[in-house]
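Next, two complexes with chain A in common: one pairs it with chain B, the other with chain C.
Coming up: the complex of A and B.
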């Protein structure tokens, strides 16, 4: 928990009425573990950048008081994350908690937000539980979810590459959800999951050989796709071992549930050539995205993953909502966000769905380029097609959120 | 007289705590103080070094959490159920473990602790595995509203104090005297006609049940419980608290628990490496003041009052940390 930015003038002069004289945004994410590279400090940086840009655009009195950014490392432990969140809300009067990768931690913090009646803008956690059984009035889900990933990748890979799958998933909320979502999407597309295995999370041994050997033994049974649902450091370990075992040469294709640009960067495109996956955004998607990414690169020296960009978008839209409503009263902000339609450098055709608080927007089916096609550093991805917002996310008819009924 | 003033001051400090520190942290101090004091019945008074106490603290926490979440059991019944569950769990586990002494006992209890950890991790349908038990509500008997952190602190306070008084009563009773004898020399105690095994078992079960009560108080404070509660680091932390404060002293475990938690809270505002600082303090205390903070203070006071005929009751004398 550190104060990382303090901007703006003394409180209480503008048209905006703040409850505690300032706006406090708390970023909680993994800053030391397997998910540190996909968000971590970069995610905090994006929130700080959004705050600075916002003040630049609307002047120092943008929200009627200073805007403070706090951050904490949740170590991928639900109890640590929930304690930190409660502390930020109670002691620091945090208006919103932002980011929170690792679905188990995200769900824990959603419960804290509901109890404290404060906002939780989730970007990093993928589980669709946040907009289904664990949904609540104060929790919003930005960027992506397991439905989006499974619906895009599961369907496409089943059609293009192979019908019989072996799925390995990390054994916690996110992985369990990915396993269920992928199985549903694969079956809908006419394929079948022959077997699925849970791997330890976080995988302290960094060893996936048991599962890779198992994949090989399933090959005679017609399994041609290994669906890996790991993310971050776990995924890079798994892919390295997959290549060492030479499984591709033995007729096993690798399908990846969740892939970030930082993963491709650390593995190199050669290790992932041709991999088809679903993404919420890419840094060089278009001119607008690229312009923002260049500015981010100038301060962070990395190309942003889509959750990093999502943090910026969530922060920006939150601050906009404070300006629109003239208050930081959480209930009024919720009302202002519900049903709100918007576009920014990250979100295209976006809408904050009132019924379940999913922020739906266009998603993209992408493919990792061959090393020969890479034109510049970090240029690893080709967008195959756009998945329109209303198809990319879970239809409301399937939604189990109590607010949707 | 001075003693009475001391107790009144301690009680007042307890009642004023949530005004000075974050109430959630204050209630954590209550829970951990009870956990450490209960564990000291085994460690300081009976000489049983267990490295698996997380099983009982965490087991209690999971029991109270699940009973509240699934069946809506109100406070304080959920916390009392946690004590009962931990006591029942201790009966077979400790029954086996106390057949050995010293390092063997430590290893067996560590192994039991790990077994409980893996059961909790694998029994996903009940415990949620890695995800833990989330969103535990906070109903109270008689519909009293204890949903605010401060209100809960004052609800937990009497229960924690009752637990502490029970711990202190146990070790100062004739039963406690036998435990001390067992700690000093269990073979001789046996030859004096005491059923040493039964005494050890009863001490362990009482200690574990009170640890479960502490777990119950803790889980309702946070509204969730995850694997960390049953992890071996929790067992280690309680050993550190007891040694830091002074084992076999009445207030030592309480002081140790409060110190560790307050330090962790204070240090973690500017670095995540709080373990380095508390670890260093722990090493220094163990090297320089082997009897812990309270143990050392007690010894200094004792040395000062020695020239006059000792007014302290005999129990106090026996209860001071052993000096071998």
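Coming up: the complex of A and C.
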């Protein structure tokens, strides 16, 4: 489960002082379970690519020593993830843990990072707890969070498409968080959540028809939007059955809490046509994104999801911070990242917010294209509008992070 | 009230899958005394069979409905001849472990090749849309699944109750030693019965492909509930597995209306209660249990 890429010569004497003679980056994510296709090995590949590009740009002595990339599978289990992180920090002197999808695992590793005083650059986990009640000095939240998803999709769909919602969410930390965030955003935008139901997670019966039929029978007036917070296999089952029951033809629109390009690829655009969702990035967003994605495609043979791209961005910005400060001392890196404003192929109008360590940046409201509008493989999404960085993420006034006070 | 009626119907659809799967498990357990943990993985292979036939060879759903289960049967036949039969003389736990190990191998091999997200498979053109069934419009494909699986279950029941092959299966299930003594070559039938049992899983997989996510892990969750059904129905009982399959489908569908979080748990509560009062299951005879 561990791959090592040693790059550059053994520690040379550069301007940068490294505590252990090298920089070690550890990717921990789901490499075998439901989230393996949105990140997994592709996420590891993105970190390696960032390291290679960095060495190419600044030379083999870019950070004063070799850069090593380690990886491990957390199997979506918080205890596995936390012990893996502790091992990487203690035994491998890892400078930073990167990625970590699955909110419960992300929270567990944030606590390990705080205890070990080492960096945790979270990209994959969605829960906004990482920048609220579970925030800490050494944890940064890179690509997206539940607030961003709910605020974007909940608000916009309520304004544009329908005001009466029925929300179904998987019954675990992420789903409950999504349900709360969505309900708040919908009500704020003048909509109404007629009912929200927790579905079993994972749904062993593979059947969502109960909830789909319920959506149709809710009174008075019926619902106009079904908000689905499921992910992975559960989401695929739900969408397939949504189409089977022809709910769209009966005036019920589908809004999805979290949708990745790989989900659309697997379900086909025909099954998701017209679905509106919020995304942190798309591979063909603009020329710069596309250029990067083409290079990634050349080595990985797949189009990157936004968490894969986020891994590259987080790795790059970390290495830049090491160069800027001339050290890999975690406290100095934290100081260098706090308040830092930057742009790269992934992050637009970005800022590492000092108060809660959320990396805020532009987000996008997207819609799945009709099959007829798809011009090339993986070209599934139309960007409806850009949500500016300062609106896309949770305002500091609502934030509960102890660092913000 | 409408929602209860609809749910009963939907439960029957879920039940159809349970019935086909547990029927295969029951036939295999009855004859071989093997608890086939691979059943979920073979269900998955059946679905992927339909997908590959469709994508690679342009074979329609209808042909896939025949070819894919046969291919799964062939896989089952080969595995039985190559591996399972070597462990018949040992404790039944050995074959349980073997089939569990094979499940992991099959799932991971498919995962390496296809990833975890799943592959698309759509409903055949003839069965798209919905029909009015008195109180509501119901997806045509679901009605087909229900009708088709009821026919298959009846067919299997007829085969076992009214044909010579069925008589041999029943006799070997009841008492293999005595059946051998009467001159029946029981061993010759074992790989065929196994292949037949797993073909039913493959068939369920093909039926699931248009309405469920076709992914390497699709059978992994389902198999636990299916085992519970076989235990409730009585290990090895044909009638028990079918009736309980449909019953559990309806039960969890209705559970989902009134208290969704408990929908998946209901079957295990029923299992616990049944085991307390009838350890050999609802339809099982004490000997077979």
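The rule we apply is simple: the second predicted complex is superposed on the first by the 395 of 405 C-alpha atoms of A that agree within 3 Å, B and C clash if a C-alpha of one lies under 4 Å from a C-alpha of the other, contacts with A are read in each partner's own complex, and residues count from 1 in each chain.
Methods note: a residue touches a chain if its C-beta (ideal position, glycine included) is under 8 Å from a C-beta of that chain, and two chains touch if they have at least 3 such contacts.
Computed from a prediction, not measured in an experiment: that's the story for all the values here.
Chemist: After lining both complexes up on chain A, report clash or fit for chain B versus chain C.
Modeler: When both complexes are placed onto chain A, chain B and chain C end up side by side without any clash.
Chemist: Looking at chain A, does chain B or chain C touch a larger number of its residues?
Modeler: Touching more of chain A: C.
Chemist: For A:34, select first, second, both or neither according to whether it touches chain B, chain C, the two together, or no partner.
Modeler: A:34 sits against chain C, while chain B stays out of touch.
Chemist: After the fit on chain A, how big is the angle at chain A between chain B and chain C, using C-alpha centres and going to the nearest 10 degrees?
Modeler: 60
Chemist: With both complexes superposed on chain A, which partner does A:171 reach: first (chain B), second (chain C), both or neither?
Modeler: Both partners, chain B and chain C.
Chemist: Of the two partner chains, chain B (first) and chain C (second), which one does A:90 touch, if any: first, second, both, or neither?
Modeler: After superposition on chain A, A:90 lies in contact with chain B alone.
Chemist: Output check: A:398 vs chain B and chain C. Expected answer is one of first, second, both, neither. What do you get?
Modeler: neither
Chemist: Could you say whether A:246 touches chain B, chain C, both of them, or neither, answering first, second, both or neither?
Modeler: Only chain C is touched by A:246; chain B is not.
Chemist: Go through the superposed model and pick first if A:133 touches only chain B, second if only chain C, both, or neither.
Modeler: Touch status of A:133: no partner.
Chemist: Contacts for A:107 in the overlay, against chain B (first) and chain C (second): which applies, first, second, both or neither?
Modeler: first
Chemist: How far apart, in whole Å, are the nearest Cα atoms of chain B and chain C in the superposition?
Modeler: When the complexes share the chain A frame, the smallest chain B-chain C C-alpha distance is 7 Å.
Chemist: Intersection of chain A residues contacting chain B with those contacting chain C?
Modeler: Correct list for chain A: 32, 171.
Chemist: Sort out for me which residues of chain A touch chain B in the complex.
Modeler: Chain A residues touching chain B: 1-2, 32, 73, 77-80, 82-83, 86-87, 90-91, 103-104, 107-108, 111-112, 114-115, 134, 171-173, 201.
Chemist: Hey, which residues of chain A end up touching chain C in the complex?
Modeler: It comes out as residues 32-34, 36-37, 171, 197-200, 202-207, 209-211, 213-214, 217, 232-233, 236-237, 240-241, 244-246, 262-263, 265-268, 271.
Chemist: Mind listing the chain B positions that touch chain A in their complex?
Modeler: 22, 24, 129-132, 134-135, 149, 222-229, 268-270, 272
Chemist: Under the definition above, what is the set of chain C residues touching chain A in their complex?
Modeler: Chain C residues touching chain A: 2-3, 6-7, 10, 13-14, 108, 111, 115-120, 123, 129-130, 137, 139, 141-142, 208, 210-213, 215, 217-218, 221-222, 224-225, 252-253, 256-257, 260-261, 263-264.
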